[in-house]
Each structure stands twice: as structure tokens, then as C-alpha cells.
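Take a look at the following structure, please.
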């Protein structure tokens, strides 16, 4: 065969793949040519920013030419354009260093999702009926501007609310500024699994109201209280990179990982030692370990004097926390506690981490402070640090209080951006009722979900890859990181980027607002905000602002030269003494702790609409397309529940049904459900699939910070049907599951 | 085509008839090839049947087997050699597996030649001039002379009768 | 020098995050089966992370084991194919020539690792999802087998590049989609014939084993067993 | 008891000239089954083979089970009749043709099934070795390529083996029939006349064929077994498979033959030709094979159990104790527990008895093939990748239609060809001065030596 043929071939196959997709693909086949003889096409690589979670990883987008149906000036047609084919990590980016998690890569499907909202649409039917009609942008914007005008004129500007998922970077600035000058209260950031408790604890213990950064490559021993830091918590990619290093990156020096949790997470599955601790007692366990260290003088007490000062009785060596006493409260044997204490102090530099469920109890802050104290007691090598920030922008805090406020007095007008409280907030918070009372709701969402289905007007945002993206890394790096990227591809649909729409609205509203937001488009605002970084020592060393701006775009952002901001003396504060967690539901009626956990595939559920993630087998259960409840086999035997049976999980707030998965990795007195499925209305791939554990949560909050205590609900179980009712799709073992494969060796 | 023939109850009679016809062939001016015997089933142990015995088909079958085997060998090795393809660790022309193909081809060769040899040897197919008589199906044996010389017919008829014919017929056989 | 592509899977680094799985879907145009087909065992994952439980509560242990085509030197899938659809490339890959495949599925049965997948239907993508399809990779039609190719399209691209620049391929200048995405660097891809390459170095590690090596398939994927803390700490 | 050749000819030609309403009903049923299968296959072609219950890792199931089953059945005729011919067992005469017919038809079906089961049936011809634009030849290393050669050889051979001894009977029909029928049979008879020369050549040819067809038959089923034994699949990769499959094939073949004979005897009123002695003798053969089958099964299982390699034991227990246990033990009952007593006890070894035993064996042997194919594929080496299999209606229909096809072909055959070789029966008469060969069993050995 000749090179010329190859080119024909690759062209053919290219056209076939991009245009035809699957249609009679066989007819398109170039016959008899081995795959390895096809000549690849030309790709251009463009930087972008991952917005799936708060970690803010840097992306490289593989863009190749193709033909797409697009909308231009209301006209639909086929044009040749660059199409994003694949998302990779940006090797230069300090956070993810060229790596990318499953969720980040799958976010590519958000761009091409068949159920994206392609035009501005106006509600025609009743709220939530899902009846919308297309309108053009000018009318839509006029309408919103009119509402804003009348609201301001009637002197009730304060009753404009902006509900969004926690954002990062200049979008936060833009929204906050807009509301401020307009005269409205600050934006309401909501997501179910917020980190308010940990930020507060870190502020108290270390003087940083931020998520911690762990340089695991420096650790010889890691003890982790509940944080799924390899899966979904904080900055998973960065932490996984560090994990790889601490395992096999240093010849002859392999760190030990001890995971303490009552339900085995993906991280727990990788631990050398997995210890089940009674839920909410993690803090006590930490102090028990600290007690041994202090009592046996295994480490200089001074090391933790600062952080310890926040714990009652620390100075006296925690008399109340003898291993035996702690064993009673936590269920972890005294011998193990002692051993852990010795291991922690004898092996090089250790680190203690906390995150996830332990913080989602009514005593979350105490648990956090206790582990922080232990951390500073054993961390000789400053494995823990905080990512430096440019300026003093505090990370946005998702606050349940604000959501409460929304329910308390519903505003006159609501902007909605990618937050979906109707799915992710416990019904007990009555968000649905609140929304019903709001006369006018505008959503910027790209998809119809439970909440945006309530909107009166939808102004669909560009997909991330179609927009100017920026974000600031809160953690995961020893450098200050500002990620930035221009659009990677042209827009496919008749959508507009939310920031530009907001700026436009500002102009139309005029007055103060227009003055405060002088920028024509968002990139102008970005440039204005970022260019000052040129003078700071960092990844870009150029003379002029223009060069800086270009360099930042090609590099995918700007990052400072390495420098870690060490923990600073703790805030002076009345020491906290052990508080035992409160649970909703009496142990007699509701015998099981209920743990809704962040799903490996769907995060908090906002990714359930991506087919790649729906078909991604959960790594521990191998389940796809379904939702399930994890039950200890012994509990299963006791209640006559078998693998795949349909089980009803009932709390005081209500009940959900899911398929049972018998897992040895969960305490007999606990059941756990992944969050993400159970959407009533969220695209063809997620709607009406499985059950939503958040919908049976009690509205308990963490006492000190008032954030949702999502692990503090108790439930009861009952078998309500066989496998045929509960569609549990497992990848392992095809149709019927094999819960306990043993390696044939 | 017409024929003069007698029908005989059993092989002995047929044998006698065949003998007397043959002895008369020279004086009555017809070739012994014109003598025809037809039966509804094979008979053994008589001169007129066993003189046809032969073992050539066996030799042909063996030859066919050899040809078939060679074809198989060439088919495999030649195709593998002339279109060489990457086989990882495997040899390009593996004797073990090719042997199986060769084996099957040997058998096929033998079968086909046997078939051909039979058809040729039994003068099949042959759709013209088939002499048959319904009585043959009922167990009689037909012995006669094809296209007998006119003047010889009375003598032939006599001889057939003398051999103990159950019946003697002079037939213009309709083309079957 | 001829290349010999191989991979190392470090079970001690693998966290089971399955970034590799999505990466593979995106790179290789693997269609989503959908719930019903997945329930019937037709979900396609060229690379999968197997999970094995050992022991029970309170001391359960889990071992993750990414399994992809082992690209065997002595591949059982190759000799059984009557049409040479599954054959051995000059660079030692087990290639599946889709166009030659008539779908006997014999190769899939012969494969001890169950890493070959069959197209039970023509693949379908709801528009405009098909715009994501990678033009460098054929879309497989109904009735044929498919499997991990070690991202042969990337290999080809790199080789053409190097050829154009008149130079040898450098170790790590390209890698497979799965290895590229793997956050903990549990997957390392490279040229086993290049003694200086990382993959060559690691595959000779004393933790190295071959998956089902006892079958004598001579895989080009090496698994590095999990380490234990005690061994590491005490020298 | 047919005394004369005339009688024989009348009796055996009767079915060709007159047939009952029952016959046409049977034909109708068989045809509709066949058509249902054709429809199902069309549906499968249209929507993809996904309409089957196959999945990963169970890539073969009903399709290959039926393939092996029918190829197995095919060992009824050719092998048996060939052996009986070579050993010159004269009681074979009424048996051979219906046996050989079974062979030809079941090989035909067996050869069709793989064409339906491949992913792209329209490309099946790529199996044929010929210089093509693809610049590639079949891979002669592949057991499937061996299958292709073995089965086509076997089909050619058994067809010839069936046709040759039928020529004189075609001639007989030709001579007694008129009109169109005469024309047809004139062609079929190739102008056979019945001269001593022709008889000689025919018998020699039959002898050669009998010699050749036996090793072919053996090789065919050995090669079928190699489709499994050549792969490193637990419980497949075993050297016993060759003989095991051949024995099983003959086993099921004889069973099928007995069943067919019983039916023919009843519906074609051949009581005087297919007599207890035949069922008696075939019954004894079946008994032998049943014992042999048990021996092989035991040997195979014992080796696996004693070897105790985990992957094999997974499959082993799956079939003996777990999901497949019911099927497995049904198989044992059908292939051994029921047939052996029936066939061993003389009093039970009647026509009905042997027919019942045979019916069980046919079922049992189908199950055996299923239990060889599916449990092993479901439980290969890596437990995470295990699967389970359920057939769909499409597969059920296709299977049913394979039986329908068999029935139809057989029915039509019995309409066009005397199911018992007329001339061979006549030879039987003549060689014993009018006394038919088939005399009561008690007075004769099972197989008689050459006379």
C-alpha cells in the first residue's frame, strides 16, 4: 500500500467517524487495512480549565477539524470548524501536572450533550411542567433588564437573589460586584457537600480559611480520617499524584496509609490498614492517639501547642482520652490506638488528614480541630501546607444559612446558575416551596434540571470549552495558581456566556451598575484582573502586558514561583471539649447510621447526565446506570436481604428504594448510598434513574458552623422486592452479580 | 433400438443363456459385446458376473488420494509462503495444522475419484438405449442380444428358449 | 531498531479512580451500551479496573487490578482466527483488523483475559455526541470484534513525526490515553526494546509478575505487585 | 414376511406413490418451524446478533451447541452403515439408507448453523480458500478452517455414500413410473441399467466409500472438539476431547437412527422390514456407547477434579453443584441412568424400549454439548469478568427450526426415495434361496460373518 492510499484512508475514516458516527459505519470501512496503517489526522492542542469540581485542574483540549451543525444568527447549518475531541491534563499546570480524573475527562460530553439547551427559552406552561418556547436573545435580555429596572425603581433591589454553585475566579467577582452595586444581597453559593466546617477549623487551627494542601511525597505515614482524598475530596488528582509518589516514587521508602472510616471509600480500599470507627467519634479517636503520644512523650508536646490549645485538656495531656476510654467510645481497640501512636511518631514524617463524613456530623468542627491538633503533633516535615493565594480573595463559602434565608423570605427575583437545590438540598429545607413563591426566576443553566425546570426564563450559558474560563486553585499546589483559558472551540448552539450576559444586563440597567462593570466582555474583565500579576515572580516573565496576556492564554494560566505558606499560630479561642454527635432518629426505630457519599462517577450528582460516567463501573461495586445501598453481609443475612434485592431505606424524613449491594467494607450498623442518581428531571440519561439519598436527610447542621450535617441521619431497612424489581446493573459478572470474587491464585 | 431377449427365473438360467449366445456369436455374425444381461440386483459366483470383476477402482482411489493430499499441501504451504503474514511466535507454515488440511484433502480426493471412476466404469450417465423389462424389477434376469442380425433371430430365439427362458421377447424398446 | 510496545501496571500505585476507563472511551470511540445492554453484559471497557475482596469486616482488603489487552507475544486469540483478523503486527501488537473480521468470536473465547469485545449492534451516538468521535480511530460496525490497540493511532502519529524529523522516538514523547490520564502513574507505557525506557526498567522490577503468566501467553504487560509497609520501612 | 422381489418392490415403493393425510400435516408443521427460523434469522440480520442472549464473556452458546449436536447426530448413518457394510453384517440392509439420510441432512444443518452464528454472515465466503482481492488466505491454523475442510469433505462423502446405492432404486422407480415422474427419475438414475458390469463397479465403489468415510467421520468430530480443546479455556483445554466427542457423536447418532427407524416403521408400515432384531442390535450398540460415554465423562471430570486447578474447579462446581447442576444431572439421567437398564435388560430392549432410551439420549446429548460450551465460557480465569447467559426467543426459534428442517428434509426424502434399499433387500432374498435375511433374532448371532 502507498502513502497516498493511507491519506485517503485516514481522510475517509475521519469523515466517517465525525460525520456518519455510526450510521452504516460498515459501508464506510476501508476494506482489509490494518488499524495500525491508518494515518492520523492533524490536531491542535488548546488549554482550558476544568470546572467540574473546585480543584481547578488545567486542561489541554485536543481540537481537530470536523463538520458540525451549528446555529449562527438564527440560521442552522453545516460548517467546518475545530471540534474538541479529548480532554487531557495540562502538564505545565501545578495542580494536576498533566493528569486528569474520570469526571474531568467526561466533562467533554457536556459540550456535545444531546439535551443541552440550545436557545434562550421562555416558560409557557405551569412551573416545572417543562413547557418552554424558544425566544430570541434580544427579547429575552430586554425582559430581564425590564424586571431588574422595575425592581430597582420600586426600591426593592434588595430582593434580587443570585443562587449559584460555588464558583472560582473572576466570575465570583463579577457576580458579587453586580449584586453589590445593584443593591442586592451577596450571592448564595450552594452545594450539598460544602467544606465550610473544614475551612473554619483550618482558620482556627492554622490561620487559613482554606482547604489544606498535602504534599504526600514528603510523607512516610498518612492517617486519614474519612477523607476520600484519592476519589472525590478536595483536589483528588493532585493528591493521587502525591499518593503515587509516597507509594513507589521513592526507592526503598514506601509510606503507610491508614484510613479511618465506617464505610470503605475508594481511598480506604487502597489503605494498608483500614479501621472502622464509630461515626462522629473520629475526633475522639484522634485525641486518643494524641493522648498516647503525649503520655509517652513520643513527640515534643510543643509541636502542637498552638493547635492543641483549641482542645480542652490538651495542656494536661488529654486525661480523659486514655486508650481504654476511647475504645469504649469509638469501638477501636486500645491496642490499635497505642500501635498507631507509635507508628505515627516512629516513622519519618507523618500526616493526619480529615475530610468528608467526620465533618458532616453535628460535632464536625470538634473532629476537625482534634485531627488538626494531632496533625501538627506528628507532622515533622510540613506535609500539610496551604496554597498561596493572589490577593486576599477568600474562597466562596457554600452556606446553608443563606439557603435558609432564601426559604425564609423568598426574593422577588432569582438568578439561578448551575445550583440544583431541589435535587441536592434535603426537602426539609423547603427550597421547593420557596421557589414557588418567587415571582420571577432566570436560569443560566445549560441543562434542564429539577431546579431550572422551575425557571421562567432560561438564558443558556456557553459550555466551558466555548467560554473564557478562569479559576483560582484553593489547594493542591505549593504555588499560587490562576488558571485561564480562551474558548477552545466555537459555540455549537445559540447560547451566550453567562458573564457576558450579566455585563450586558449591567449596561442595560445602566447607572451605578453600568459604571461599576465597564467591560464590554468578560475577557476584558479577566485581562484587567490578571495583567497586574505580570510583576510578580512566577511562570511568566515578559515585559509588556500584552505579552503577559498572550503567554497566560497559551500557558493556560499563571502560577507563582514555588513557595508554601506554613500554618500560622492558631486563633485564640475558648477550647472545645468533646461533644458527641447528635443523630436524627432514635436508635431503636432507626437502627442504622445512614451515609450518603459523594459518588466516584457523579460527584454531588451534577454529572449524572454524562453517559460515559453512567456506564463507568463504580470501582468497588462495579455498578453502572443504577443506584444501590451498601449493606454489610451479616446485616443482610440478619434481614434476609440478598445481593441485588430491592431495599427500602426509611428515615424520619421519608424513604427511598435501592438495590442492595452486600459489601464487606461497611460496618454492620451502617448503610451507605452514593449520591448522584435519583434525578426526576435531568436529561435523557439521568432522569428517573435510581434514588436520591439526599431526599431523606434530616436538616441537622453542624453546631458551630451551621453547615449541613449530611452524615447525621439514622435509617431503617426493609426488603421490598427481589432483583427483578431493583435493576442493579453490575459490570462484574454480567447480569447477576458476584459480590465476593476471590482472586484465583 | 430393438433387442431379442429372454427372461430367466435365476442366475443359472441366465448363465446358460449367456454361454449359448456367446458360443453362437461367431456363426451368427454378432459381436459378443451385443450380448446384454440385466438384473434387478447383483449376483455373485457366476462366470457372466465375475468376469466383470476388477480392482482398478482401488488403484484409482489411491491415486486420487495422493493428488488430493498434494493439493492440500500446496494450498496450505504455498498460500502461507506467498502471502507471508506476521504470526508472532508461530511458524509461517506449521506442519501440525497444515497436516489436518492435507488429511481432509486426501480423503476428498479419494472420494471424488471413486465417484468418477464408478461413473466412467459403469458407463454412466447414459440415457440412450436402456433395455429394461418390468419383469426385471420382479426378480427376473434379462439376457439377450442388442440389434441382432435379422437372419439370426430364429436361431437366437431357440437358444434362449433352450436355456430355459421363462419367456422370450422381441422388443423395440421405447426410449425410456 | 524495531519497537516492542509494552506496559507496566503498578498495583501499588493504582487507586482505582478509573480515569483510564473514561480516557479510553474518549480516545477510541467506544460506544456507550446503555442500561439495558449493559445489564445484558454488553458494556464495553477496553480497560477495566477489576476489584477483588479478600477477608471480611472488620478487616476487609481490596485489590484493584486494571486489566486491558495484554498484547501477548504468544496470543491465543491469533491462531484461532480463520481470517487473520486478529494478527500480530511487526511491532508485536495484537492487532484486530476490523475489516477482515467476520465475527466468529473465536478469539474472544480463546482470550483468557476476556479483554475482547463484540459489536452486538451497530454503535449509536445521540447527535451531536458523534462530534466527539476521534477521526483517527475507526468506528466499529455490527458483527465484529474489537479490543485495546495500545492506542496504535498515537503510536503511528509519533512514528510519522519522528520519521519526518529524521530521529528516533524518544521515551515518553507519547503514551496511551489510559497511561496519560493516570494520576498516580500506575500505568507506564513505552518501548521494551529501548533498555533506557522507564517501562523497560520497571518491567524488570522484582515486584513484577505477568497476569495468568502460567498460561504461557507471554504478555507485554507487566504487573507490579502491591508492596507492604513493613518491608519498605525495614529496608 | 416379504417372500418375493415383487413383494419387496411393491412395499418399498408404495410410500412414493401414495401418502396419508398425517404425512402432509407433518410436512406442514416441519415447514412452518423452518420458516419461523428463517424469519428469526432475518430479524437477526436486520437488527444485529444482539437479539441473541450472547454477551461478553459468553460469546458462544445455543449456536455452537446446536452445531456440535447436529454434527454429532450425523454420525448415525455414514459411520454405522459403513462399519456394518465393512463387517458385512447382513441385518444392516434395511437400516443403512435411513441412517445415511440422517447423516446427510444433519451435516447440512450442522454446516448452516455456523453461517447464521457469525457476526457478518454475508462475508462467510471469506472462509473459502481462493486467490482474492483481499490478498489474504484463510488461516489454516484456525480450527474453524479445519472445520470448513472437514465438514465439506464429510458432506461430499456422505452425500455420495447415500447416492450411489440409491441409483439402482431410482432406476427401479423409473421403470415402474410414467410421465413427469419418469423423466425425473430417469435423470436421477443416470440411465442405470443393471448389467453385471454396473453392479460390479457399484459394489466396489461402495466398498471404497465405506473404507474412506469412516476416518472422515472420525476426523470431523475430532476437529469439532478441537474448536474447544485448542483454546486455553478451563475444562476445554483437554486432550480427551477428540475421542470424547467422537464417542458422544456415535452415541447420539445411533439414538437418532433408532428414533427415525421407529417412526418410519410405524408410519410407512415397514413392520416386515424394520423388525425387532434391528432395534435389538442397535439397542446393544447404544448400550455400549452409553457405557463408553459414562466412562469418558467420568474420566474427564475425574482428571479435572483431581488436578484441582482453581479455574477448572470454578467451572467444575458450577456445572455440578451451582447454576447448571439441574441440567448436568438431567444429562446424566438421560444418557446413563435411564438408557442403561432399558438396554441391558433383554425384556425391555423392545422397539418401544429402545425408542424411549434413544429419545432420552438425544436430549441428554444436547445438554452435554450445552454444558461443555456455556459454563466454561461463563467462568474463565478472572472472576471479575465472569458472566451469565440466558437464551432469547430468537435462539430458541432458530434451534426449533433446525429440528423442523431435519424433519422436513427427512419427510421429503421418504417421499422421493425408497427408505429401504430395494436391491439390497433383493440380494437378501436371493442369497438365502428365498428366505429373507431378517429372521428372528434368537436363532442368529448379531453380526454374521461374510458368506
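Chains: A, B, C and D, in written order; residue numbering restarts at 1 for each.
Please note the rule applied: contacts are C-beta pairs under 8 Å (C-beta built on N, C-alpha and C of every residue); 3 or more make two chains touch, one makes a residue touch a chain.
Computed from a predicted structure; not experimentally measured.
A simple rule picks the central chain: find each chain's mean C-alpha point, then take the one closest to the mean of all protein C-alpha atoms, which gives C. Averaged C-alpha coordinates put the centre of chain A at 89 Å from the centre of chain B.
Measuring from the averaged C-alpha position of chain B to that of chain C gives a distance of 65 Å.
With centres defined as mean CA coordinates, chain D is found 30 Å away from chain B. Among the residues of chain C, those in touch with two or more other chains are 40-41, 48, 50-52, 79, 84, 87, 89, 100, 122, 142-143. For chain B, the set of residues touching two or more other chains reads 85, 87, 90, 97. Among the residues of chain A, those touching two or more other chains are numbered 26, 31-32, 622, 732, 734-735, 741-743.
Taken as a graph of touching chains, this assembly has some other topology, since it is neither a line, a ring, a star nor fully connected. Going by the touch rule set out above, the chain pairs that meet are A-C, A-D, B-C, B-D, C-D.
Residues 10, 12-13, 15-19, 21-23, 25-27, 29, 31-35, 38-41, 43, 45, 48-64, 87, 89, 91, 93, 95-100, 122-143, 149, 152-157, 160, 177, 180-186, 224, 227-229, 231-233, 235 of chain C are the ones touching chain A in the complex.
Per the touch definition, chain D reaches chain A in the complex via residues 55-58, 120, 134-136, 310-311, 314, 381-388, 390. Considering their complex, residues 10, 13-26, 28-41, 64, 66, 68-69, 83-89, 96, 98-102, 105-106, 108-109, 111-114, 220, 230-231, 236-237, 240-241, 243-244, 247-248, 252-256, 264, 266-267, 269-270, 272, 274-276, 347, 492, 600, 611-617, 619-620, 622, 624-626, 632-634, 664-668, 684, 689, 727, 729, 731-732, 734-735, 739-743 of chain A touch chain C. By the touch rule above, chain B contacts chain D in their complex via residues 36-43, 48-49, 51-55, 57-58, 61, 75-76, 79-80, 83, 85, 87, 90, 94, 97-98, 100-101, 103-105, 107-108, 110-112, 114-115, 117-119, 121-128, 130-132, 134, 136-139, 176. For chain C in complex with chain D, the residues that touch the partner chain are 37, 40-42, 48, 50-52, 65, 67, 76, 79-84, 100-106, 108-110, 112-114, 116-122, 142-145, 212, 215, 217.
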